[in-house]
Amino acid sequence: MPGIELKNVTKTFGAATVIDNVSLSIRPHEFMVFLGPSGCGKSTLLRMIAGLESVDAGEIWIGDRRVDQLAPGERRVAMVFQHYALYPHMTVRENMSFGLRNVRLPDAEIDKRVEAAAKMLEIAHLLDRKPGQISGGQRQRVAIGRAIVKEPHLFLFDEPLSNLDAALRVRTRLEIAQLHQRVDAAMIFVTHDQIEAMTLAHRIVVMNNRKIEQIGTPMEIYSRPATTFVASFVGTPAMNFSPVELSDGPNGFVSARLPDGAIVATRIDKASLPISKSFKLGIRAESLEICPVGQGETAGVAQFVERLGDRTLVYVKLSDGLTIVAGDTGNSRVAINDQVGVKFDGSDAHLFDDQDRGHHAVLDGSAT
Amino acid sequence: MLYVAPFLCLYVILLVYPLFGGFWLSLHKADLFGGRRFVGFENFVRLSNDQVFLGAVGNTFYFILLTVPALAIIGLGLALALNRQTRTAAVLRGVFFSSSVLSVTIVTLLWKVVYAPEGGFVANLLEVFGRPPIPFLSSAELALPAIAITTIWWCIGLPMMLFLAALQQVPRELYEAAALDNAGRWKTLWNVTLPSIRRTFALVLIIEVVLQFQLFGQAYLMTQGGPNNASRPMVLFLFEVGFTRWDVGYAVAAGQILFGFIAIAAFAQYLVARRKEAF
Amino acid sequence: MTTQLASGAVGRGFGDRLILAATIALAIVMVIPMLWAVGLSLKTNQELLVDTQSVLKAPWTLINYYDILIGSGVFRWLLNSIIVSTGMSLGVLVLSSLAGYGFARLEFPGRNVIFVLVLFGLAIPEQAVILVRHQLFSDLDLHNTYAGLMLPGMSAPFGVFLMTQYFKAIPTEIDEAAMLDNASRFKIFWRVLLPMTLPAQATLGIFTFLHAWNDYWWPMVSGTNQQMYTLTVGIASTQQNFAESAGLGYLMAQAVFASLPVLIVYMFFQKYIVRAVSGAAT
Amino acid sequence: MIRPIAILLSCLALTSCGVQQPPNEIVVQRFFGTCNAQYGTRTDVAAAEGECGIMTTLINKFSAENPDVRVRVSPVAWPGYNQLAAQLAAGDPPDLVTMHLSSIPDYQSRALIEPLGKDLRAVGVDPQGFTAASSAGVNIQGDVFGLPIDNWAPLWHINMNYFRQAGLVKDGKPILPRSPEELLEHARRFKAATGKPYLVQTLAIERASYARNLYTLLMQQNATIFPDPQHIHLQSPEAKRVVDLFRQIYVEDLTTKNLDYAASTNAFINGAGGVFIVGTWLIGDFEAESRRADRPLSNGYTVRPFPQLYAARDATYIDGHAWVMPAKERTPQQRDAVFRLLKFFADNDFEWSRTGHLPAYQAVIDSERFNALPHRREIAKLSATGMTLPASVQRQFPVADIVGEEMSAAITGHKTVDAALADAEHRINDLLFHVL
């Protein structure tokens, strides 16, 4: 099973560069998710791999074949489109077998593959219906089935869950994960939904502004965001940021002083920090705890209270005007306009330098 | 490009070339059989002084005035009345559209025997009431209206269908909202239905203007443009000058004027279509 | 007619019935000319010469229809009309589909400019170009051929406009899915997109057919050979002044006879025709 | 991509075939109507009646006698000139066409029809045998450009039963007016006696009959209609007199109104009035009608030439029909067939004259059997009094159209007589000026 290699891939539309010198390597049988806001170029990148967009510079390799000059059909990739793109005038069976017929596979083989895929996706009873006669979820399965029968080296999913309702989305997500277990191919999945990305991916490629911000496993992305963008895009609620001044803390770590004077002790190695004019502290709500006034590092006024059941999010306006989100227990009694204290747990805090590079707590047992 | 080429070839050869060739030809005095001489804009000057041509232009506009509003209003009325799912409505829709599939020569034949003062249907009907026959086609006042009635009879199907299609597009919620607001039948019609199909109304008007501009067969077959030039439309003028008088340059010049008028109507259509959202 | 609209949801009852009655009355007026013609066709020419009111009284006769069967050119005209109308419709469908696909999907230099130029063609009335076109067809030796009768209709840009809009409305995802399915460009057009445009094809086909069926001027000056007469020209050739020697009843029978096929076809396909015509409006 | 284009091309190739003319087939295009139901296969010319019947059976007979020739008849709506123009412009004209003598100069001057003299003589048709009027119609620039088959003129077809009622019969003969005043007087008397209009006229959707009347009555006044071939002179007292007369008849309801050709023919048959002013071609039909019992015309039909209403000259506008041969390539077989058919028509001119038309051959006019036909003696003088318009005047058909249109407008009161004549003169001169 081949891997996929993107080397310095660039794409321009007229004067606008939509993909800027991207390099990426996907391992065989890896489940890769492209995550980013709309317009970041993730779909374009996917479509370049599929062959639906030309590559202006750079190379794309699937295994030992360079494919960027090949027609889409010759790349041995299959794609599931956002709106499924089923052929409305063909039955489900015809939809699934169309591509196979085009490569002149024997009828028996086509039937075998279609039947098998239909069985796996539980759509065998729909084979003779037309797309207009089946539900959205069923169409989704047909679209997946159409990809499966091709036995591709690589599956491409272009936001395939965005048209489903919430319950179906979760179910289909699971099924795609299962599908990945069963097929012997790599998958690339494009989404703007961080939960889909976190739950499905082996590795996530976070993209923004036509560039890759970070490539990493879901936990790496979450706990060691390479940039403020990654840090703010991944995780709910979004990470709190504040400009800080650094000072020496214990054990060679640095401490950060917030504009309102609160000091947060981090586990970031001072020696690892570059020279930078300024630093920003990044800290997630789960590291901030609501406490009585005076017990925490700082205090402020509760502006909003969001009750999520298992926990409560409190938006606290600090004395200098900065609003931060802090966590509290599920049965929190904080009400709007209450004065609350905030306790910082700096051990998972991040610092971002003036180049927007992230610096993280020292991992246990290693000192990078 | 390969896909577009076959059509483009035909388009250029059969429409664009004749259009420009026609413009060039209209600057000539030309006989249908050979001889031609460049005369500049003389043909157009002649047209502007030709009482028959000016009469034909007038007739054409008068005819449009007679037919287009009637087609639009009757078509709308029928669409409103027949916009329901009963069997009767379906049959009636079929009846009103059926005349549209007849060819012009049949339509005129039918109506000639309806209008004929001697033994025509209307004449017979009037006779029953002891009235003299009405000379529809040989009276200068009635000839064009009679042709207009024939035309309305022939063409009513299309506007009706267009309006029906538009009525189907009006969201049901609007009617429900109106019903909740205690709007009566007329109020609903004026305040909900009609505003919702304004754009279709404009389109029907323009489509019909363009179609009726091209009146030819009915006039040619029913009255030959008479009496006293009262029912000669532009297209018949063009035909007669070209094929009866063989004065091709002159005929083509009249064709250019016709093109001008229709281009204006088509431009109006474009404007309406473009203002899709505004409507 | 997919959804019942609630235009009459309020105030049903008497007003509704009144409207229905008025509409039915209008429909009767609508069919009177046809019935009158049928009536006339059932009387002998001699009888009609004396009094047309005899239509209401027996005896009626089919003699005029019998006369058509033995000696009228109407069969040939019908055949010609069918050939020309069908051929023109097919031609328009093929050309418009190809061009519509081209304009909607393919990139080629000057595409938009060319498309706008084609749109200008919508404003060119046939009558304005007919004389030059007639000369052109003379030079090309196309008069009195079926091609000569069909080609002018095929140059009309309406179909291209319609098909382009329709192709544009199909999501490009479909094309892309087919590309990934290893379909060639032509296969995508032919097997994937074209079948999706069937509603538009039906609309366009019916409009073109009716246009060709009713066209009068061009067939009159191009198909001048009696064997090339279309129905419109043929019927017209028997109806002007001096030719009425054949008799009123006979003429009417001919008209009825010539209308029957298209009316029957219309009745059978009314549902589709109505849908297709409505489709053009949306 | 290749396949549909190939299909398209082959379709085009198929459809461009159209109709192939076999080498022994000639296409004969004529007006006179279609009557296949009645005469479609009949060859007994003597039993046929009316223009359509006689023409159809004549050609059937020729086909039967000449099995090696295929004659394809293409009937056209009268007068068929628009169609002929289209055919000639398309380069695809028929082999023989019926044409009015008055129209021959148009086609001859543009070399659209072929001279026939030499070949006619070769098959034994002597152009010297044509009547004077026919000869004048087909002889142009020293050659013969058509085979004339008849001359015709506007006639007064008379319902003698009504005339008798109105006291307008003397010695079994109709009393006809000799001046415009007398015409009006007769008409009023007729109306008073019968309650019917004196004249039955084709006034609706008609042009030619107006022109025929005007030309006739101008000729009777010795008026110059065309001072030169490019100009018509209609703003004259003579013309005004004529149109005034018809206007007066119209105003006083002394004529039927609003009838087109078919309706006026029917109206006369059904007894709508006393005199039907129409051409020679209906004599046969009316004669047949007069032999039927219990009809308005039963035993009460006769026909006379247009009466002389003005003292200057006894004249009637006259025209005629001829066969002409459009210029095109023909196989020797076709050419041969064309002349055989022409010879056949020349030989059978008597049969054609049974329609009511005057024969185109002096020998037929002088013949016993022609004069034995009903009413022919009454109209025989037309061969002497008949006058054509000058052959040098082109576009006589469109000219007559304009005359008819304007006269119609004047008579029915849409324009003053002076305005109509001025407009007619202006329009015709404009038309003639622009003839290339």
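The letters A, B, C and D name the chains in turn, as written, and every chain counts its residues from 1.
We adopt the following convention: a residue touches a chain if its C-beta (ideal position, glycine included) is under 8 Å from a C-beta of that chain, and two chains touch if they have at least 3 such contacts.
Because the structure is predicted, anything quoted here is derived from the model rather than measured.
Separation of chain B from chain C in touch steps, taking the shortest path, is 1. Listing every chain that touches chain A and chain C alike gives an empty result. Chain pair with the larger contact count among B-D and C-D is C-D, by C-beta pairs in contact. A centroid comparison over C-alpha atoms places A as the chain most distant from chain B. Nearest to the overall CA centre, using the mean of each chain's CA atoms, is chain C. Taking each chain's centre as the average of its CA atoms, chain C and chain D sit 38 Å apart. A straight line joining the Cα centres of chain A and chain D is 93 Å long. Note on chain placement: the centre of chain A and the centre of chain B lie 61 Å apart, centres being C-alpha means. Multi-chain contact residues of chain D (touching two or more other chains): 1, 8, 82, 86, 89, 205, 260, 266. Residue positions of chain A with contacts to 2 or more other chains are absent.
Residue numbers of chain B whose C-beta contacts span two or more other chains: 2-3, 6, 119, 239, 243.
All chain pairs that count as touching, in label order, are A-C, B-C, B-D, C-D. Residues 1-4, 6-8, 10-11, 13-19, 21-22, 25, 78, 80-85, 88, 90, 92-106, 108-114, 119-121, 124, 127, 153, 156-158, 161-162, 164-170, 172, 175-176, 178-179, 183-185, 188-189, 193, 200, 203, 210, 213-214, 216-217, 220-221, 235, 238-239, 242-243, 248, 251-252, 255-256, 258-259, 262-263, 265-267, 270 of chain B are the ones that touch chain C when the two sit in their complex. Taken in their complex, chain C has these residues touching chain A: 171, 173-174, 176-183, 187, 191-192, 195-196, 198. Chain contact summary for the complex, chain D toward chain B: residues 1, 5, 8, 81-82, 85-86, 88-89, 110, 112, 203-205, 207, 257-260, 263, 266-267, 395, 397-398, 401, 405, 408-409, 412, 414-415, 423, 427, 430-431, 434-436.
On the side of chain B, the complex with chain D involves touching residues 2-3, 6, 29-37, 46, 50-52, 116-119, 133, 135, 137-140, 222-224, 226-230, 239, 243-247, 250. Every residue of chain A that touches chain C in the complex is listed here, in rising order: 47, 50-52, 71-74, 77-79, 81-89, 98-99, 102-103, 146, 150.
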